[in-house]
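In what comes next, chain A is part of two complexes: it sits with chain B in the first one and with chain C in the second one.
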Partner chain A sequence: MRSVDYPGYARPLHSGAWWLWGLGLAAAASRTTNPVLCLLILAAAGFVVMARRSRAPWAYAFGAFLKLGLLIIAVRIVLQAVLSSQSQGIHVIVDLPEIPLPAWAAGLKLGGLITWEAVLTAFSQGLQLATIICCVGAVNALASAQRLLRSVPGALYEVGVAAVVALTFAPQLVSDAVRVRSAQRLRGYDGGGLAGLRRTAMPVLEGALGRSVELAAAMDSRGYGRTTDVAVGARRFTAALVFTGVLGVAVGMYGLLDASVTGWLGLPMLGVGCLLAAGGLVVGGRRTRRTRYRPDPWALPEWLVVTAGVGCAVMFFVVAARSPGAAVPAYPLDIPQVPVLALVGALVGALPAVLAPPTPDRSPESGAVGQAAAGASEELSS
Partner chain B sequence: MTTAAQPPRDLVPLLRLRARSAVLLALVSLVGLAAYAWPFVVDPGAALDTSHSGDAPWFFVVLLPLLAAVVVAELSAGGMDAKAVALLGMLAAIGAALRALGPGAAGLEPSFIVIVLGGRVFGRGFGFVLGAVTLFAGAMITGGVGPWLPFQMFAAGWVGLFAGMLPQWRGRREIGLLAAYSIVAGLGYGMLINLWFWPFAAYAPEVTYVAGDSVVENLHRYAVFWATTSLGWDVPRGVLTAVAVVLAGTPLLSALRRTARRAHFGSPEEDAMTSAR
Partner chain C sequence: MIVFDQVSVTYADTPSPTLKDVSLQIPEGELCLVVGPTGSGKSTLLKCINGLVPHFTGGTLAGQVVVGGRSTRSHHPRDLVDVVGYVGQDPAAGFVSDSVEDEIAYGMESLSIAPATMRKRVEETLDLLGLADARHRPVATLSGGQQQRVAIGSVLTTHPRILVLDEPTSALDPQAAEEVLATMQRLVHDLGLTVVLAEHRLERVVQYADQMLLVPGDGSPVTLGTPAEVMRESPLAPPVVELGRAAGWSPLPLSVRDARRRVAGLREALAGSAAPTHSGDPAHQVLASTAGLVVSYGGAPAVRDVTLQVAAGEIVAVMGRNGSGKSTLFKAFVGLVKPSGGSVTAGGLTPGRSRPSQVISAVGLVPQNPSDILYADSVADECAQADSDADVAPGTAATLLKTLAPGVPLNCHPGDLSEGQRLILALCVVMAAAPPLLLLDEPTRGLDYGAKRRLVRVLERLARTGHGVALATHDVELVAEVATRVVVMADGEVVANGPTADIVVSSPAFAPQVAKILAPDPWLTVTDITAALASQAAS
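Showing the complex of A and B:
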């Protein structure tokens, strides 16, 4: 075994593994509107975030996603319970005074009867969507965007570099703005008002544009953008793959939308189209042949984390197939059932809290600088 | 290249949109548009009919990233040199920083002005990639990657694309044109973006997507949904971008064009031809 295979060896886990794990949990949540099961998945995701997040700025994204989830639930409840004119149950919470709305609102109401059924249905549906979104939020907190960008396919190399440049310079622009402001304060301008904003924005923009020209010169002089010569045949092959792929996707989409078209024109066509287009991406990536500086390893912990996510999803799919009454409760006022398999699934989803390697105990600054140096921004530090 | 086909002197297409790329972009845009507008055109009983299962919307969430990757790869394969990459990265950084600073409250989306003006000055292909990369970088910085991101990238890409296709007027007419376009783009962006999650929703029945209902009925329901939930964000977004264009459009445009000239984008022969005219 290599050292990277030991779960105890401190290193950042491959971002792709975190994404697959998070998508597995999100898929599990998409199978159930049972609030208890949704909360279990949410707890698993939150537990892993607490155990394995780094000290980077994006590591605090999970809290923002939780707040977004609460907002989703609140909007759901307000829209469905308060604005809907159809009564959805018999257990009345409160009878508000009703305000009639004009005809264009097509039967919306304001106020009126509010029932437990309506509120609880809205709550569990909102909780499902919030759980899915928080699973993605957990990945946002755990995975480093810049590390993921390093493994973009070769065909997206140029745009990947542009994204790395953007991620590196965006924080710097803020400090640019602060510098321009303090310089202007020294000259006796106060920063307030629209004119003050313009006096700050224009120098920052000019500075950024000037820097982009310098950056381009630096990249050119270091041989950036040198592509290997690809034979005309290979180029045509790539183009043919991409075109037939996208055409297949378009035809397949039509097949899915039109009821009179059935069979191979629908989903199979779409799948083949997607495969061809993805193949075009892979083949097209050969025109840039590069070596990677310290590539992120994909070792045993990555496989374990991905397995945990997929396992959680599989168990919830089985629960949804075997006991649909537990996965999607028919009546919102019933006490939700909790199958044992769903409990096990949520526990498996939480396993990366111990399976993933601990995050290296470095200050966030050194991590950020190391990542920035690994990208195209390397050229700038000279 | 004939002289007649030469663009005006201060229009600098950074990313040459070859015929092949343009066809692919149109094709992918069509599929992308279907990813937003499918609730209106789906047949009852078709495979995507949500009365069978509620999973149809997720299907597009999976499909769109692949399409975005394909079209961006095709656009950049046409020869994106170091200058185009550096400028793309820097403009996207400005947009992303504005996105991170602007809280998104009240539809304050200041990054729109970067996308509109960048697409205007550097051409439609660059505009599309700029819109997509700006939204991507903004989401990465704020930790806002989610199922909505590919939809936002496509919509912002279209904002930049159409900004590059506007008629080549100059002076006051140009500012007026761009300001009007900003309002339209702000409203259209909001209208499209809400569509991606609208079919997921089971809000009040009067504003919820009903699978298999007629186009007009669903459009009406969507219009009510849009007016009640999102109009308050979309109008300020469009108006604020337009106001910014009117107030600062001239210096911003000239700054961008000056950069384009300073960096000598394009081959030497073309430069010689341009200066000889």
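Showing the complex of A and C:
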């Protein structure tokens, strides 16, 4: 076994593995509106985040996603239980005075009966959505977007570098804006309003533009965009492959979503499109000969983490197929059932807390983004 | 190694060529220093070497540039990576990745060098540049000197034979500049690299150069020669050379050591005159003061227990390494940061609790980057806006600008001005409200000797008309020229405070070249010495 295969040795896990794990958990959550099962998945995601997040600034993203989840649940309850005029059930919590609405607002109501059934249904549906979103949030807290972009296929290398650069630029703009705004005070300008915005925006944008030009010059003089010579024909062939592929994907998606078109426009078209596009990327990748310095390894821990995510999803799919009553409770006031398999699934989903390697003490990926953001918040607070 | 053959460069919207008929050869292994005033075309010349001109910048290039046998006509910058390494003016702006290691490896990835070779070269480069401790650090957290070394390292890994550096030490404090220059020396001596570098701070680099290229920028032809030859005619010269010219030495001294070995005669000639004291008249009214000032960011104090006064008519220089609290102290004076302990008063106000429009009538600050406070489309608009911000008669700022820097075009965009002109424009914008006390943060960054001389005249004029001036600066020559008092800060504390001559003459870090040459006699500037020599000749 290589050293990267030991789950005990500290190193950042491949970002792609975290994404697959997170999507697995999200897929599991999409199969159930049972609040207990949703909470189990949420707990698994949260446990992994607490155990394996780094000290980078984005590591605190999970908290923000949890708050977003609460907001989603609240909005769902208000819309569905209080404003919707659908049949609400018989267990009344409170009977509010109802304001009559004109005929064109059919389907809506203001006030009236509010029932336990309506509130609990809205709650469990909101919780499902919140859980899915928090699974994505967990990935955001665990994986660095920059490292993921570094692993894009060769043909997209240049686009990947551009995206990485853009990611470092955004926080830089924030700290520039803070600096310029305080500098405008030096002119004796008391501030505020549209004029104040212009005073800040102009120097910030000019500065950003200047820096971009300088960066482009630096990248050009360091070999960005070097290509091996390829025949014009080969280049056109690649472009044609990718273009027809993307077209196929678009038509296929349309066919899948619109039930009125013939069947062969759907899945088959999507498959052919994906194949063509992938072929284009492979052929195009040969054009840009490039090596990677210490690419993020994909070793045993990555496989284990992905397996945990997929395993969790599979078990929830099985639960949904075998006991639909447990996955999607028919009556919201019943005590939700908890199948053993779902419990095991959630536990499997939480396994990366021990299967993924621990986070290194130094955080090599706490990069310019975090620094600039920290600088900005420091200046703001001062 | 580098051949320029009848090279002229003309940018699209300029009437005359930026470079005209430049023909020169730089042989392998030389360290060639490019000097010239701001805007003379130094950067253009450097960018010609790796083909950024004209492939990236646009414009028309006539003639031919050949580097390592390849013409830039047919080779793009990216195809010359293995011949020329180019580091631009602001290294931080050229960083592509997050961590030091990735940044250093980036160039090799584009060259598709085998992973095993890459690892080896990264380790070698880290050692060569003394960056091994910082290998996992994010580039944004490095000091200026470290960033510059990372930028150099990132172009070295492709094993170029030529290294082109555009003003590598201009933005650095003296200690960081030392680090970078020592690294550069090692590259020239150990690796035999050909280095071409442009620099304003001649006093730092002139003694290391094998060849010197003067780009006058007024249409006259460029001169290439040994530093001693070129310095004889050069309009830009470090103090040691000016001293040599004043004393009539030939060949001219290029380093403090050269000059010190020849100084006996000059010392005798000066024996009869007393060095001017450079100290102000302390009886003037106090314009601003701090008492036990403490300012902290988060938990760490950036300024600790500072008690300081600035009076009318004096020019106070605040010195100290980066991060010693100079800028924070200035920000406290104008209320951009609030004290966590002690007090600040300026013109009877407490800046942290006053409106910006009140503060500006007591104290004005020109920030480190003057562009931060400029935003209008033209110089004239900028002045008009300054008048209305300060609530003074229209034309005040424009008149001030005319007096301080005649010849700044009013319809020009502030971004198109030279560094020096932009600084004076920012100064005028701040001065429109006529604050009695003026603070300047790093005013000489990127200024050439001419612009610096004009700044000195402006500051002396302000002091004569009863203003108080305080400068935060690393530029020891500027301090020797204008300051009446020097305050040295370290770790947020004031460690020395006294008349300029007392503080700087004996200090290894803060002594100007003239003081180092004539120590222990307290002479500070060439101007003082020429005046003394002239008065002796007259009597």
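Here is the rule we go by: the second predicted complex is superposed on the first by the 317 of 382 C-alpha atoms of A that agree within 3 Å, B and C clash if a C-alpha of one lies under 4 Å from a C-alpha of the other, contacts with A are read in each partner's own complex, and residues count from 1 in each chain.
Definition applied: a residue touches a chain if its C-beta (ideal position, glycine included) is under 8 Å from a C-beta of that chain, and two chains touch if they have at least 3 such contacts.
Since this is a predicted model, take the numbers as computed values, not measurements.
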Practice item. Using the touch definition from the top, say if A:Ala216 reaches chain B (first), chain C (second), both or neither. Key: both
Review point. Can A:Leu129 be said to touch chain B (first), chain C (second), both, or neither?
Key: first
Exercise for review: Scan A:Ala277 for contacts with chain B and chain C and give back first, second, both or neither.
Suggested key: first
Check your understanding: Touch check for A:Ala183: first (chain B), second (chain C), both, or neither?
Key -> second
**Study point:** Contacts of A:Val139 with chain B and chain C, given as first, second, both or neither
**Key:** first
**Study point:** Per-residue touch tally on chain A - higher for chain B or for chain C
**Key:** B
Exercise for review: Please indicate which partner A:Met202 is in contact with in the superposed arrangement: first for chain B, second for chain C, both, or neither.
Suggested key: both
Exercise for review: With the two complexes superposed on chain A, say which partner A:Val161 touches: chain B (first), chain C (second), both, or neither.
Suggested key: both
Point to revise | Which of chain B and chain C A:Tyr224 touches, first, second, both or neither | key: both
Exercise for review: Kindly list the residues of chain A that each of chain B and chain C touches, one partner per complex.
Suggested key: 161, 164-165, 168, 198, 202, 206, 211, 215-217, 219-220, 224-225
Revision key, fill the gap. Within the complex, chain C is touched by chain A residues 146, 161, 164-165, 168, 179-180, 182-191, 198-199, 202-203, 206-207, 211, 214-226, 289-294, 362, 364-372, 378, 381-382
Study note, to complete from the structure: Residue set of chain B touching chain A in the complex reads 20, 24, 27-28, 30-31, 34, 38, 41-49, 55, 58, 63, 66-67, 69-70, 72-74, 76-77, 80-94, 96-97, 100-101, 129, 133-134, 136-137, 140-147, 200-207, 220-221, 224, 228, 247-248, 251-252, 255-256, 258-259, 262-263
**Study point:** Contact footprint of chain B on chain A as seen in their complex
**Key:** 30, 58, 60-61, 64-65, 76, 79-80, 83-86, 104-108, 125, 129, 132-133, 136-137, 139-141, 145, 153, 155-156, 158-159, 161-174, 194, 198, 201-202, 205-206, 208-213, 215-217, 219-220, 224-225, 239, 242-243, 245-247, 249-250, 253, 255-260, 266-267, 270, 274, 277-278, 280-281, 284, 287
**Study point:** Touch list for chain C against partner chain A, complex
**Key:** 47, 50, 52, 55-57, 76-81, 84, 86, 88-90, 93-99, 101-102, 105-115, 118-119, 122, 136, 138-141, 154-155, 158, 297-298, 334-338, 355-357, 359-361, 364-367, 369, 371-376, 385-386, 389-390, 415, 429-430, 433
